[in-house]
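Letters A, B, C and D name the chains as they come in the text, with residue numbers starting at 1 for each one.
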Amino acid sequence: MPEDSRKRAARRLAIARGHVESIIRMLDDPQVYCVDVLRQIKAVQGALSGAGEVVLRGHLEAHVSTAHERGDAQELIEELMEALKYT
Amino acid sequence: MPEDSRKRAARRLAIARGHVESIIRMLDDPQVYCVDVLRQIKAVQGALSGAGEVVLRGHLEAHVSTAHERGDAQELIEELMEALKYT
Amino acid sequence: MPEDSRKRAARRLAIARGHVESIIRMLDDPQVYCVDVLRQIKAVQGALSGAGEVVLRGHLEAHVSTAHERGDAQELIEELMEALKYT
Amino acid sequence: MPEDSRKRAARRLAIARGHVESIIRMLDDPQVYCVDVLRQIKAVQGALSGAGEVVLRGHLEAHVSTAHERGDAQELIEELMEALKYT
């Protein structure tokens, strides 16, 4: 993975981590509202999906344009279909 | 939300946070494999969904059995349908 | 399930079925664009989720307000948590 | 899209359509169980995702290996990231 993609993905994950911490703190409050917690959890999942997109895009940019010269187009496609299960 | 549910949800979120940290460390490695990162991100999303289920179950256990005496069954249903969007 | 919910869910499913038929016809065209097909498939999945919401809401309306007198609140909760996996 | 992919996707969609029809018939029965209907709807969504994978794989096989000579790798990547939103 290109350095730029790794850094951007790491930055997004760091934000998601902070968000998880704030949800943990929310749960200290006996009056916390169930739907609010669920909404925050959903927001973190969206942020994680965003980090996953950065990772996948970095992979594609590193490999699609050179698949021809490496002769591994079919292998790349299998990887992509595999990656799809995780996005 | 009942204390027991809040504690169990917080514990699951703390595990998810540790998992996010380990993915951030993975991304320091220039040789990290894209599909591995995506798989780990997906695992964290699964853990977050598990925390969400704990939250929702706590809410249901606190409210369904007493909806009749409170007379707010319809309001509870609206909340549940709302909560569903976040699970 | 109440008759009204069954009818509304069936109506939504009939629309989804018509939508699936139109995608099948799209695929007769050699020039069909991949992303368009995926977008239509996603739209059908959204319509199916909508039908699922109608079904779940009907179930909740039939059961939550009477859980107390039937004394089966816990059973209802287990059903809901099970239903959640399918929405 | 290659003919083979279109035919296989269409076949899967025809099966999904038949499955939707059987759910519509299930809903004629006043005794139908909510969770069963939701489970069947989820199964159809899985079948539609399978059809989407066939479509995407056909697109990738038609385009990745020739992206180099066409010089449109970046455009292909944008398409893939767009397609991802629908899978």
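The rule is simple: a residue touches a chain if its C-beta (ideal position, glycine included) is under 8 Å from a C-beta of that chain, and two chains touch if they have at least 3 such contacts.
The model shown is predicted, which means the values in this text are computed figures rather than measured ones.
S.K.: Which chain pair is joined by more contacting C-beta pairs, B-C or A-B?
M.R.: Spelling it out, more C-beta pairs touch across A-B than across the other pair.
S.K.: Of all chains present, which has the mean Cα position farthest from that of chain C?
M.R.: Max centre-to-centre separation from chain C belongs to A.
S.K.: Could you grab the centroid distance between chain B and chain D? Build each centroid from C-alpha atoms only and quote it in angstrom.
M.R.: That gives a centre separation of 28 Å.
S.K.: Hey, how far is the Cα centre of chain A from the one of chain B, in Å?
M.R.: 17
S.K.: What's the distance between the Cα centroids of chain B and chain C, rounded to whole Å?
M.R.: 23
S.K.: Enumerate the residues of chain D that touch no fewer than two other chains.
M.R.: Touching at least two other chains: 56, 87.
S.K.: What's the contact topology between the chains, one of line, ring, star, complete, other?
M.R.: Basically the chains close up into a ring.
S.K.: If we use the touch criterion from the header, which chain pairs count as touching?
M.R.: So the chains that touch one another pair up as A-B, A-D, B-C, C-D.
S.K.: So in the complex, which bits of chain C are touching chain B?
M.R.: By the definition above, chain C touches chain B via 53, 56-57, 60-61, 64-69, 73-74, 76-77, 80-81, 84, 87.
S.K.: So in the complex, the part of chain B that touches chain A is made up of which residues?
M.R.: 1, 3, 6-7, 9-10, 13-14, 16-17, 20-21, 23-24, 27-28, 30, 32-35, 37-39, 41-42, 44-45, 48-49, 51-52, 55-56, 58-59, 79, 82-83, 85-87
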